[in-house]
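Read from first to last, the chains carry the letters A, B, C and D; within each, the first residue is number 1.
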Amino acid sequence: MPWTRDQMAERAAKELRDGFYVNLGIGIPTLVSNYIPDGMSVQLQSENGMLGFGPFPYEGDEDPDLINAGKQTVTELKTTSYFSSADSFAMIRGGHIDMAFLGAMQVAQNGDLANWMIPGKMVKGMGGAMDLVAGVKKVCVIMEHVAKSKDGKEEAKLLQKCSLPLTGANVVDMVITDLGVFNIDKKGSGGMTLIELAPGVTLDEIKSKTEASFKVDAKVKQAA
Amino acid sequence: MPWTRDQMAERAAKELRDGFYVNLGIGIPTLVSNYIPDGMSVQLQSENGMLGFGPFPYEGDEDPDLINAGKQTVTELKTTSYFSSADSFAMIRGGHIDMAFLGAMQVAQNGDLANWMIPGKMVKGMGGAMDLVAGVKKVCVIMEHVAKSKDGKEEAKLLQKCSLPLTGANVVDMVITDLGVFNIDKKGSGGMTLIELAPGVTLDEIKSKTEASFKVDAKVKQAA
Amino acid sequence: MKKVYKDAKSALEGVVKDGMMVMAGGFGLCGMPETLIKALRDSGVKNLTCVSNNAGIDGAGLGLLLETRQIKKMIASYVGENKLFAQQYLAGELEIEFNPQGTMSERIRAGGAGIAAFYTKTGAGTEIAKGKEERVFNGERFIMETGLVADLSLVHAWKGDTEGNLVYRKTARNFNPMMATAGRVTIAEVEHLVQPGELDGDMIHTPGVYVQRIIHTTAEKRIEVRTTRKRQAA
Amino acid sequence: MKKVYKDAKSALEGVVKDGMMVMAGGFGLCGMPETLIKALRDSGVKNLTCVSNNAGIDGAGLGLLLETRQIKKMIASYVGENKLFAQQYLAGELEIEFNPQGTMSERIRAGGAGIAAFYTKTGAGTEIAKGKEERVFNGERFIMETGLVADLSLVHAWKGDTEGNLVYRKTARNFNPMMATAGRVTIAEVEHLVQPGELDGDMIHTPGVYVQRIIHTTAEKRIEVRTTRKRQAA
């Protein structure tokens, strides 16, 4: 059975390490914060200028001056610091954030990522996504394995080459989908490797739904 | 009679305007702060990270964390703000300081300035001088008109072309010496113009002590 | 040198000109100089190029200037929350230049700091890089981006003194500090206008040198996306 | 994730290597990480490249590392107060690279901020520009300077919490905040080590993400140039 959104977030949380500073995109990545292991210190960065934020406020405690990058009201922690947008992206671009989890429309086997525009449709802008993927030490995409159109047709999202305009070239280190987990050697020539299958998902199934070429890690082969 | 050091500082202070933010170099420029007209708001910037500083502290009130760019203990004012060296030079380089007064070894008629090294001698470094002359809106040099060596020989400091390594090219707007005041059209082709003589100093005297070519302002001609 | 003006209208007098470039702080509605933007609308100025992370929402922030078609061009990173924006853009009435958010904030900082241009990895190999110089440093691809300076910057702060020293509050800081440095003229609206000496010199985010005019604002601060959790029963 | 170390010696363990580049904060002796520098000397590390605005004075600051000849090269803007420096330099035992102070502070900021290089007017047309790219923007000459990243940064702060959040005091801030961002490892010595929550989030100068290790220091702060005025008789 493929992973649910929450299971994908839970799997993603296994990539966290004690002391990590992490940026979470909107959608499934936001759920990762629910699965930070007890006793592990993980500080969440919000690119609008905040390091260390807590859950949504209790009703009535909302502060218009205290929002996350999705413009949602949040709360502060004892560890929280605030800074300007320039300082926030200096932190991101300078490689000081350990990990970013974000969604994607397409990922290519060389680590190219497309998640900000579809030509011909209204363009909303890339926000901070291009900076995050260019600057954060490890970039982990969490997304559905395939895109389903209204007529039920499925389209691969893990591709040989992205067809949509890129958010970043050679930027993705890891992809977690509802079917499995892939590593990408984004700066080298190692390509993409399947390192884990969701329970009950077969190698054949994932191959049939993936346009990208990928190797299969020995551990996955053994289990299959 | 040529101006004294204090009279040069007093003359320099006439260039100040209400609301100016000003950087003062060491030596005679430091004295300019004694001649800020009453009721005029002038904030002094210290490039080590302070805007708005006051006089030396009373004996016993010295604070090791509160120094100016000459590393002297100073005091703060109600208007004082502190910032990092990067922010301080962003302020300077970005053109936000209205005026800098500094000393010089040589000034050329095109506004070139040399005040940081003499080849063959021990080099101490340029500190913040290159940034100040490149970034501050108006740069005013205050210096003795000629250099006197130990044997009493005089050497011109206002030159056709600086012989010493430059601190900045086309950077000086005004030169105040013990003999008079010059404007320099540093970005244009207007060259150097004598706009004022110290009382009792003759045009012939100043010409004999100046290697640079300069025009003489009509007001000076009339007075002479 | 008096920096304090009695209201937004008088603070804008003499500095507003058709076709000018205006920077406005804020991330969404958070930390946006709402009072000054309303006065800018009321000034009737036209053909503005606006630099702001977002384009406000319908009926608030820069959305106000879209209603009156006073904006010719936007430089922004994300304009998703604004229907009027989409309409005017699709009708060809509005130009948009998208900048990655970090590139935009750094371009503004650079403009204020006398840095003509800089090299960033952000956007290398993407459409954003088109027409820009690419260059390799230490084996990685960088593109050149230029500094931005505006004719006028409008910022919102929590506290400000009569010298123009500003302090921001929480995430309402965002783009305001850099924009304050990058405006040829910068006007600040502050929720608390105080006397010199009331702010701690170590805790001033924007030194007064960057602020030419300052006003007191009492406008209500709005919340764009209200998200809460329920209180546990006691 | 424990960032607090019991003393400077233990904080330096595992991060010190011969030939490394070390940044040290401070403007003269003001805001200089004296305790960490002493421990660095005692570690016996050799052939250091040190980045610091000055080279300390005889017997204090980086002057300590000159006595023991642990410094191979200095990157600095002004080294006037140090006889030992002059001796070793004139004897050819020490390399020096002078950077204009603003260029140096911006290079460090750029290194920490992922900016590979930038264009500044500072030094255009002077010896500093030799071998560097020159380029004209808006009719003015600029030169390209590159970002600086160090293996280790040593900084001094007034207060710090166990998360590594730092607050500096008055002009002791100087180079410390940028250096904290530009070290692959940054170690802070603080005069007051406090618990999270004791520092106001709006007033933190260096967010904890930049600080890997932190120690409490009780070293006396010295004054380099004591200048005073006399009290008026009452």
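Here is the rule we go by: a residue touches a chain if its C-beta (ideal position, glycine included) is under 8 Å from a C-beta of that chain, and two chains touch if they have at least 3 such contacts.
The structure presented is a predicted model; accordingly, all values stated were derived computationally and were not measured.
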| item | value |
| --- | --- |
| Gap in Å, rounded to a whole number, between the CA centres of subunit D and subunit B | 29 |
| Separation of subunit A from subunit D, taking each centre as the mean of its C-alpha atoms, in whole Å | 36 |
| Length of the line joining the C-alpha centres of subunit C and subunit D, rounded to whole Å | 32 |
| Of all residues in subunit A, the ones touching two or more other chains | 76, 82-83, 89-90, 92-93, 135 |
| Per-residue overlap in subunit D, given as positions that touch at least 2 other chains | 106, 109, 113-115, 120-121, 168-170, 173, 201-202 |
| Topology of the chain contact graph, where touching chains are joined (line, ring, star, complete, other) | other |
| Chain pairs in mutual contact under the definition given at the outset | A-C, A-D, B-C, B-D, C-D |
| For the subunit A and subunit D complex, residues of the former touching the latter | 18-19, 21, 41, 43, 45, 51-52, 76-83, 89-97, 135 |
| Interfacial residue positions of subunit D with respect to subunit A in the complex | 1, 109, 111-115, 161, 163, 165, 181, 195-197, 201-202, 204, 207-210 |
| Sites on subunit A touched by subunit C in the complex | 46-50, 55-74, 76, 82-86, 88-90, 92-93, 112, 122-131, 134-135, 165-170 |
| Parts of subunit D lying in touch with subunit C, wherever the complex brings them together | 106, 110, 113-121, 135, 137-138, 140, 142, 146, 167-170, 173, 201-203 |
| Subunit C - residues contacting subunit A, complex | 27-31, 53, 76-81, 86, 89-90, 96, 98, 100-103, 105-106, 108-109, 120-128, 141, 158, 168-178, 205, 221-231 |
